[in-house]
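Since the structure comes first, as structure tokens, the remarks are kept for the end.
The letters A, B, C and D name the chains in turn, as written, and every chain counts its residues from 1.
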Amino acid sequence: MCNQTRIFLGGNPGVGSLHRFRDAIQHGWPIPLEIEEHSHADMAARYQAGASGLPFAVLRGYVGSDIPKYNRSISSVVCPFTGEVLTATRALIPDVAIIHAQKADRKGNVLIQGILGIQKEAVLASKRVIVTVEEIVDRLAAPLNACVIPSWVVTYVSEVPGGAYPSYAHGYYQRDNGFCRAWDEISRDRVTFLQWMREHILDTEDFAGFRSSLPQGTMVSNA
Amino acid sequence: MPELAYTSIEIMTIAAARRLANSMVCFVGIGMPSAAANLARNLHAPDVVLIYESGTIGAKPSVLPLSIGDGELAETADGIVSVPELFRYWLQSGRVDVGFLGAAQIDKYGNINTTMIGGTYASPQVRLPGAGGAPEIATASKEVWIILKQSKRTFVEKLHFITSAGFRQGQSSAPKSADTAADCRPTRGRGPTIVITDLGILIPDPTTGEFTLSGIHPGASLEQVRAATGWDLKVFPHLETTPPPTAVELAALRDLHARTDAAHGSSIAER
Amino acid sequence: MCNQTRIFLGGNPGVGSLHRFRDAIQHGWPIPLEIEEHSHADMAARYQAGASGLPFAVLRGYVGSDIPKYNRSISSVVCPFTGEVLTATRALIPDVAIIHAQKADRKGNVLIQGILGIQKEAVLASKRVIVTVEEIVDRLAAPLNACVIPSWVVTYVSEVPGGAYPSYAHGYYQRDNGFCRAWDEISRDRVTFLQWMREHILDTEDFAGFRSSLPQGTMVSNA
Amino acid sequence: MPELAYTSIEIMTIAAARRLANSMVCFVGIGMPSAAANLARNLHAPDVVLIYESGTIGAKPSVLPLSIGDGELAETADGIVSVPELFRYWLQSGRVDVGFLGAAQIDKYGNINTTMIGGTYASPQVRLPGAGGAPEIATASKEVWIILKQSKRTFVEKLHFITSAGFRQGQSSAPKSADTAADCRPTRGRGPTIVITDLGILIPDPTTGEFTLSGIHPGASLEQVRAATGWDLKVFPHLETTPPPTAVELAALRDLHARTDAAHGSSIAER
């Protein structure tokens, strides 16, 4: 179990805020949550530093912002050539990265296509790496200059078709926007949230069980 | 010609879209910035370069994306880069003409709060969604446009928390943070140059940096704007009235929303 | 005219050293050459800093090497979190970058395929950018996640088929290894070098003239 | 079985190739390192991961490349990354098991000179090709293997210039550079663990870091090795004799060179 979990970006596409996250911060339910807050540019830089074997990264960050006042992982460095003061941010080295990708071959080489985000950096910064994929294939057939994560930096690969749900997997299926909207209602209330969690997560065996517990019609659209 | 009926959100979106030139490179936030930028692209600015924070450069979505990570942004982009590359090579380098942001709250110096309201940082009364990419978009872009609905709740004299800095003078009495030099560094761009609301247009006073009313949308009154502003609003001498939406503009905007609704399965944005 | 020219990597594939470069350094012919020497990792970092709008880059560089003693563009910074001392290197912002790529579309968007090197960073670090391409096409038809340089960071595009010669253009033609070997002999001697330069460069009008001045049989192989 | 005829370069290449395990990740220089690494890949180590400095990770060339930028490296690689990414995410991060280098000169502490000989730095007697990627390959890899022909010219007591550091003690009396802390920082890896030559094998004395003869190739004599070493060569008590090349090894190496010659149009490497 982890006592520190970091979220890069919390949000519900097309809907907005995460009610459960907000409830935890504002009301400490189900437990009080401590947060360490960074901008996206800063988080990207922290993953880069972690992936690069450096203890910190330099960026032009937070100019005039109050955020650094509440975060001891944000500091400053002086350029030895120009004297300019720049933001320094502490490298991030997660215990484990879990990403979902399109394909892996039988050796464990992973192909990521479409929007890459910070997935490669998260993988390369982390101590252990779990990749779920839509399918395991004999040959990746990756196009020239595609984003491939070689097997020797991956700890485990698991074939989980539909594993991006309720989000989408580029080239496989679309996002379930209906689920995202429904989630806004489900998660708004503690009781309906707990009920949903029990029915679809806690009382299902695995991902297949979760899938079949959902109302018909979800996850049928193809890209 | 009969006057067209339109909503205050529609004229806000159209007023913003009109300002986006065909030659601009625009780092665009989801929601109203994205709606205005794509409206411009569908009207007078077909070559405007839209950058979404997911790393999609030159995205040309046919419908408004629900999130920065929508697949259509990748499919239509000139190029896809990683998020770290986007922030370093494309934003921080000063290549972006317009950083186009929404906001939960702004103050009279164009500072933005998207972090928290009331209480303390550790235990806020209201927790807002957080910084996202805005602190660096707000300072690395050559200029920043802010679009949001105007009310006493959103336009405040003094922010509880500055997430993304504008002209910052509202913060002049705040203690300097010792462990970062953030407060003494200049921004790289010109900072916020316009705030577009559902009632009118504010631009900074060139001397003080205080956002001052420069335009008003047809149908809105000066009293209404003042009543929706949490500070003692100043007004430029030559207050312009926003030209009403044209039939072409309105049709393009409504068509964009209709296509978006059809693609995503329901209404996703205020209009 | 530039009074400072920087070479990232000088070498002749499969053959070895550059005789003219060595002659300039060792004997000052035709003029004395001043050099500022960096490792490849450092040069890559300098281009990255230039492309990123930062005045310097941080790396674990030159541990135990004598190179920094002779180069004032290499210094150090202290990590504000760990106290570790790391190498700092000055950003590189060339006046102009010239690269050769496969394709551009009519707007000037450029597609680079195969080995990318530091071409993207050089382009994004430079004040002006000239790209020569094998062909200008109506549509790039770039694969998803290909390396595309958007037109708005490119100053000029020029269609120069065979422009990588004597090197290769991935997907278009092979390197002329015979030329590289011949060049070793041509460039070894000042007289034969000057004679070759006169015949093939100074006395030819343009790239087409250079091409037709070469012996038959070069540049005919296709990839 | 009749004894096979082979050259000293062939046994050097084969002795190096034998040490490369199937599970290793090897950052490989052009020339003899590349020949040895690809020989290993064609023999007992089909899954060895070869990284060339051009950004090609997991390259599986059918013939020896003429340069780090050969197209076949890209075509056969598991992935292609930019050179900055290669150095940061893949080398500097400490992911490389073996940095496999050639050298113009080494000293007894495994330091490498590829910069200059004689005269001054600004005006050298002999200008060598320069650092390339070696200073960081030599210190960021988990261990470093060096392959070069042994002679008094290449194996020197003290280098004119340390381009890429080994155990550095030969430099202990050199002045510390004030503006960089390079001299006081530890290397991240174990440093050079083996030097493979056309005459034998040297490994560092565990206490002093001085490279000491641990193996000798069949046909070479100890006197010959001493005569080809610019320092007072120490020898481990149990000097091993390198097993001669097998018919399979020799055939694979010669086949690799023949394929290479056919592809590139002529002989490119010493053998």
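Operating definition for what follows: a residue touches a chain if its C-beta (ideal position, glycine included) is under 8 Å from a C-beta of that chain, and two chains touch if they have at least 3 such contacts.
Source: prediction; values computed, not measured.
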| item | value |
| --- | --- |
| Partner chains shared by chain A and chain D (touch criterion as defined above) | C |
| More contacts between chains, B-C or A-B | A-B |
| Between chain A and chain B, centroid-to-centroid distance (C-alpha), Å | 26 |
| Distance between chain centroids, defined by C-alpha means - chain B, chain C (Å) | 41 |
| Rounded Å distance between chain A and chain C, as computed from the means of their C-alpha atoms | 37 |
| Whole-Å separation of chain centres (CA-atom averages), chain B against chain D | 56 |
| Shared interface positions of chain A, touching two or more other chains | 48, 53-54, 59-60, 75-76, 114, 116, 120-121, 144-147, 170 |
| Of all residues in chain D, the ones touching two or more other chains | 74, 80, 88, 92, 140, 188 |
| Topology of the chain contact graph, where touching chains are joined (line, ring, star, complete, other) | other |
| Touching pairs - complete list by chain label | A-B, A-C, A-D, B-C, C-D |
| For the chain C and chain B complex, residues of the former touching the latter | 48, 51-54, 107, 109, 120-121, 124, 142, 144-153 |
| Contact set on chain B toward chain C in their complex | 25, 47, 49, 57-58, 74-75, 78-80, 88-89, 92-95, 140, 188 |
| Touch list for chain C against partner chain A, complex | 53-60, 73, 75-82, 84, 86, 88, 90, 113-114, 116, 143-147, 170 |
| Residues of chain B defined as touching chain A within the complex | 53-56, 66-67, 69-71, 73-74, 80-84, 86-88, 91-92, 111, 115, 121, 124-127, 129-136, 139-140, 161-166, 168, 171, 177, 179-188, 264-266, 268 |
| Complex contact set, residues of chain C against chain D | 9-11, 13-14, 16-17, 22, 25-26, 37-42, 44-45, 47-48, 59-70, 72, 74-76, 85, 87, 114-118, 120-121, 167-168, 170, 174-175, 177-178, 180-181, 223 |
